[in-house]
């Protein structure tokens, strides 16, 4: 019973991920793409839950759905005259893309299949958020500070670029 | 209690099952009235019924218009701070568990660097709305 | 603890679900009535009077009426998105109730990531608003949505940061822990600035006046739900009022000691505090003019966020000292 | 209409005719770029009722009720102006008591109009409650006016040569009581509105009108007074009994929305002063001129009269050809000129500001459209 | 920096002041007149639609069907028919299309016999345009009935039999009224009062 | 004194008539008769003297239209009325480039009388629906018998 | 003018009545004023009269969320199409109150040569209740709303109120 | 063993996601759609990190930190990319890749 529910939920999550991803890449309306992405990302958050990390899952929703998709939406509204009909697609390009992606898929799939993963010899079972914080403050403090720097630089760059560089358009 | 009523799965997952059930329930909760309304509501006719409302006039041009850059900039700023928050959350839980001074300084540096984003945006006049900012 | 946390009580879940749904419905009905009464009395008039005792079943009539209203789907809307938006906006609302402790024992699921659950699912609300506005293909709706989203994201940051000050003091995301930490003194006295900031941000997050720009009647007609009729519109309404309850509940938990209080049972205290906060928010609405949109955004970035950050650092510093 | 020359990044937003903040049926076509207005084009006429055409088809007397409906918020000033015009043509002398009654009722009506404006304006700014307080005060005026004129809104009270119904002492006492009441409410308005930081932020420095613009656009009323020009026909071109009273003309300095608000706000106090003086000094005597002809058939000629209505100068240009009906009657309505400046001051503002500016012009759309 | 802080503080204070006002009004008693339950006293001058003055002496109207009112009315909405009864004229029909009226009062003022007045009626909502057409004559009859006064019948045209054509209208009118008062009320001749819910079935008093 | 100044300045313009008005009777201090073609000149002069355009309208006389301009001054009461006779079917020059206020007034005159203004930037109907095909204040106007065709 | 509304998909006897009761008690009017009468409509919503007592005080700006269109004022020829459009954009069931003489028949502005107005809202849209007056007092509008309630439910409290008020 | 308890399930999912993203990157002409696809690919990486973290890593914090780090990078990347797109659009009035290529010249 418990297994059943967990499995059903799992397939729901997987379905959300994959369907969302398909919408995200295949739908013609760019806004639908974004919504597909959001759905897919929520699915991924669900996967993270199955991977035993609710914190990352929730952060995934907070950041991706709450911030990145929103930013993308705004960028769309800023740059896309949506009332114009979408340009026709290039069938050659689509076929090429499908072929290429298919090849990579087969390669990676086989790779995954063939590899024998070995678990670490000794495993700690501390999943608490505090530990993550502790690591961030100690071992990965450089990364922690670097991230703020990265964001700072990214924002400065983004603002400058979005506003059309220094001195005016 | 009977064993069949208890699911033995990892904690995160049990929490999640609640969330999932609630999500589904919410969707049904929202869907139900819509379906009922579909059946019991009368219909109306009229040429303008299905037109987009715009103060009683025929619409001029589509609604999917280009918005101001400013919104996008705010979304970006938000993005930065959201990520900032994302890292602050675990850090705050760990705060004070080890060397407090070190923690304090690290957090202050982290916030300080991020605050520069606001300072920069402020200086660049992102918060001043003008139709044609001097340096846009 | 371990076994309880690792198992799903189906009975508990279903009971909680039914309870929450009832609460959502009753709360919205009550809040709308309360809003109308409060506003009316501030304006020297009685408000709903004739439908039931002092208009007590006025909102039920409203709800029923909306149920029997035609659902118009305009021709040029983005149909799947248009139809999904009112449902999506409702999802986070119900989920948030999962982790809210109404009293010592009255909590559906005491998760250790409680706050985060509420906060992160709020992102869905934003998305739903964007969907609604976008799909409506109506200029007012699009603008209402964009504004609403810009406003939501602008105020989410100070909201998160103010809450962090409290989390920093408690050291847990679990809502019951936060209440438990206030057994000596309510955090509103320890963190008055954070409380004020929180109330401001909460008002803005729920799109209430003076921050009700997305629905600013005088500019944008009805904002992002301009094109929604009948029950679909009702769902937005319902979500809005339930969100009000949720932010007020968070305020109660974070700053007002949750269910704590003498004499009365915890649940009663909790509800009293929640509705007191809601009254406060209503009081704002019926007093102030609406701020202009750019002022609204800059208020957040220029005043609230710096203040919140400062508050956080001061809290961290003080915690270090004691 | 705006499609011509519409750039791709611009789009058109319709404000009205059914829109909460266009006060009736004004329509403003906005060409927008992002949140900003590139061009605002008011489209009027949705309330066109053909008053001027009616004037040419009705006798002088029969046109009287129309005046109360041109600007229904300050109907009595319009009554006054029309009666003055016809009285000038007929060379009638209005008895003093009638003039006093006219002044009192007209000023009461002006306060009612300003109160309604303040309320509606704050509604535009998003504050709902002051609107109801204003209406509450306004109801008191309506009660008073109802006593003498018999209607609450579209008064048709003045007649050629006087007023048809005398006022009683209760009314006069009521006026004084009302003055006391309104004064006692000032503090609430100040706390609720005038000092409110949100209100100040929304109104200061927005929609500035310079004095040159006033001249070029022929603005009148609080619009010019807000810009610092003390142009008030009650002082500049005294009519009726106004020269007998002592009152000031509040003026603003910068000409922004806030100044226009304050001008109207302070004008209420001046009106109260006039009312109190008039109530104290009201003489006894007849209320109708002695020989008002039964058939009104003025000699050929033309006349222009103007009064200071709540929104500005209301003028009537009347051409008589010696008939029982006017040959031509032109209503020079203040809002028409006042609104015509909107396209100029609305450029480069936000929609929210446009709403605020539009509100500060204080348009009564059927008056513009006539 | 200080100005920044000061701005925040004064702004905050001004908001509190505003909230003080609203909360004070919150506890004040309401000013609402709960209309169908309570009623506002209509002012003596209040203008509803026009109606006949009921002369307390003659217990009937004073109209002499001179049609001055009908001619003066800007909207030409008074539909008046007079018949010669003896040497004087009496109205046999006095209907106003109230939905065209502008309540200007010209008809009341112009009437040589002060036969018209404004009613205090304001509850006139109806289901059709026709509900706003008011038979003033029938209304007067209904009032008379309620007051227990003799009901004035709709006059029949009568030839000038008496031949007192030169009599002053006022005296004639008084006499005629007196004579009419003696006549028994002809209930069947009087049309029933309009029965629409909004029609002015229950009039309070004539002030 | 403004009145004298105006009288003198206007006299220089070669107008048909510049005469003091009977204020008590007509409400105007100065009465001017001008040819329509002279209007821009007059308007420019009035603007120079700081007068504002109080009203602009037309009267439909049997043989001609008369455009009636009222000017006034904010500081000193001095109402100047300018009459300009425009023959039927003729156009009058616009003064809207001098007085922006005239823009709408002229549109209104066009709308109600069908009198065209040459050089007006945006001469279209203002009060009536754009598709209307009549000018109601013309004396011989009779509305079509379709009250409900809206 | 026939009503532009059709029947629901299913009819449920008792429920229908409950719904009608609810509808009658929750008439949300559109924020829509045309001329002078609109001021009296506002006055009816204000403190002295307070339409909200009957649940009819929720003025919604968008026609999609309204049940009731109060045509308050003169409909000019130019405005006519907009009125029709707004009416059609309201979801069923919907009602119209013609408030004021202008909305009933053109009122003071109706005369044979009139070119500018539509003489009566009922020429454009189906009107349910007529409230005469120029302008009607707020009480008149309240009467109109009570009358409309009566029309919707088939029974009403109007008469009761009237009798009580006498 | 249920599917959700196996490493390979997650890895396959990540591969699917990655390839869908790749397909999007290759096939779409709209730059924003390309960005969306890239986000998908990044998420595939995230899944991998988390999966390894769950099943293989010695300490579970490491993988989570890596996932968080990816989010931060994704955010920064999105910010920059979107800004560039917006800027490009302003120059070219289009956000198609083909037109963007012209910029090189």
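When the chains are written out, they are named A, B, C, D, E, F, G and H in that same order, and each has its own residue count from 1.
The definition used in the following text is that a contact is a pair of C-beta atoms (placed from the backbone, for glycine too) under 8 Å apart; a residue touches a chain by one contact, two chains touch by 3 or more.
Just so it is clear, the model here is predicted, and its values are computed rather than measured.
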item: Shortest chain-hopping distance from chain C out to chain D; value: 1
item: Chain pair with more C-beta contacts, A-B versus C-E; value: A-B
item: Chain whose average C-alpha position is farthest from chain A's own; value: E
item: Geometric centre: closest chain by C-alpha means; value: G
item: Distance between the centres, which are taken as Cα means, of chain E and chain D, whole angstrom; value: 30
item: For chain A paired with chain E, centre-to-centre distance based on mean C-alpha positions, whole Å; value: 75
item: Computed distance of Cα centres, chain G from chain D, in Å; value: 28
item: Separation of chain A from chain G, taking each centre as the mean of its C-alpha atoms, in whole Å; value: 53
item: Junction residues of chain D - those touching two or more other chains; value: 8, 11, 14, 17-20, 35, 45, 48, 50, 53, 58, 65-66, 69, 129, 132-133, 136, 139, 154, 192-193, 196, 198, 350, 369
item: Residue numbers of chain E (touch at least two other chains); value: 15, 18, 21-22, 25, 30-32, 34, 74, 102-103
item: Chain B: positions in contact with at least two other chains; value: 6-10, 15, 17, 38, 40-44, 49, 51, 53-57, 59, 61-62, 64-72, 75-80, 82-83, 85-87, 89, 92-93, 95, 103, 111, 121, 129
item: Interchain contacts (touch definition) - all pairs; value: A-B, A-C, A-H, B-C, B-D, B-G, B-H, C-D, C-E, C-G, D-E, D-F, D-G, E-G, F-G
item: Footprint of chain H on chain A - complex, ascending; value: 3, 6-7, 10, 14, 17-18, 21-22, 24-26, 30, 33-34, 36-37, 40-41, 44, 47-48, 50-53, 55-56, 59-60, 63-64, 67-68, 71-72, 75-76, 78-80, 87, 89-90, 93-94, 96-98, 100-102, 104-105, 108-109, 112-113, 117-127, 131-132, 134-136, 140, 143, 147, 150-151, 154-155, 157-162, 164-165, 169
item: Contact set on chain G toward chain E in their complex; value: 47-50, 53, 101, 104-108, 110-111, 120, 122, 128-134, 136-140, 142-144, 146-147, 150-151, 157-159, 161-162, 164-166
item: Residues on chain F engaged by chain D in the complex (per definition of touch); value: 24-28, 47, 50-55, 57, 59-60, 68, 70, 74-75, 77, 79, 81, 99-101, 103-105, 108, 112, 124-130, 136-137, 139
item: Chain H - residues contacting chain B, complex; value: 68, 71-72, 75-76, 78-79, 82-83, 86
item: Interfacial residue positions of chain H with respect to chain A in the complex; value: 2-4, 7-8, 10-13, 15-30, 32-33, 35-37, 39-40, 43, 46-47, 50-62, 64-65, 67-69, 71-80, 82-87, 89-90, 95-96
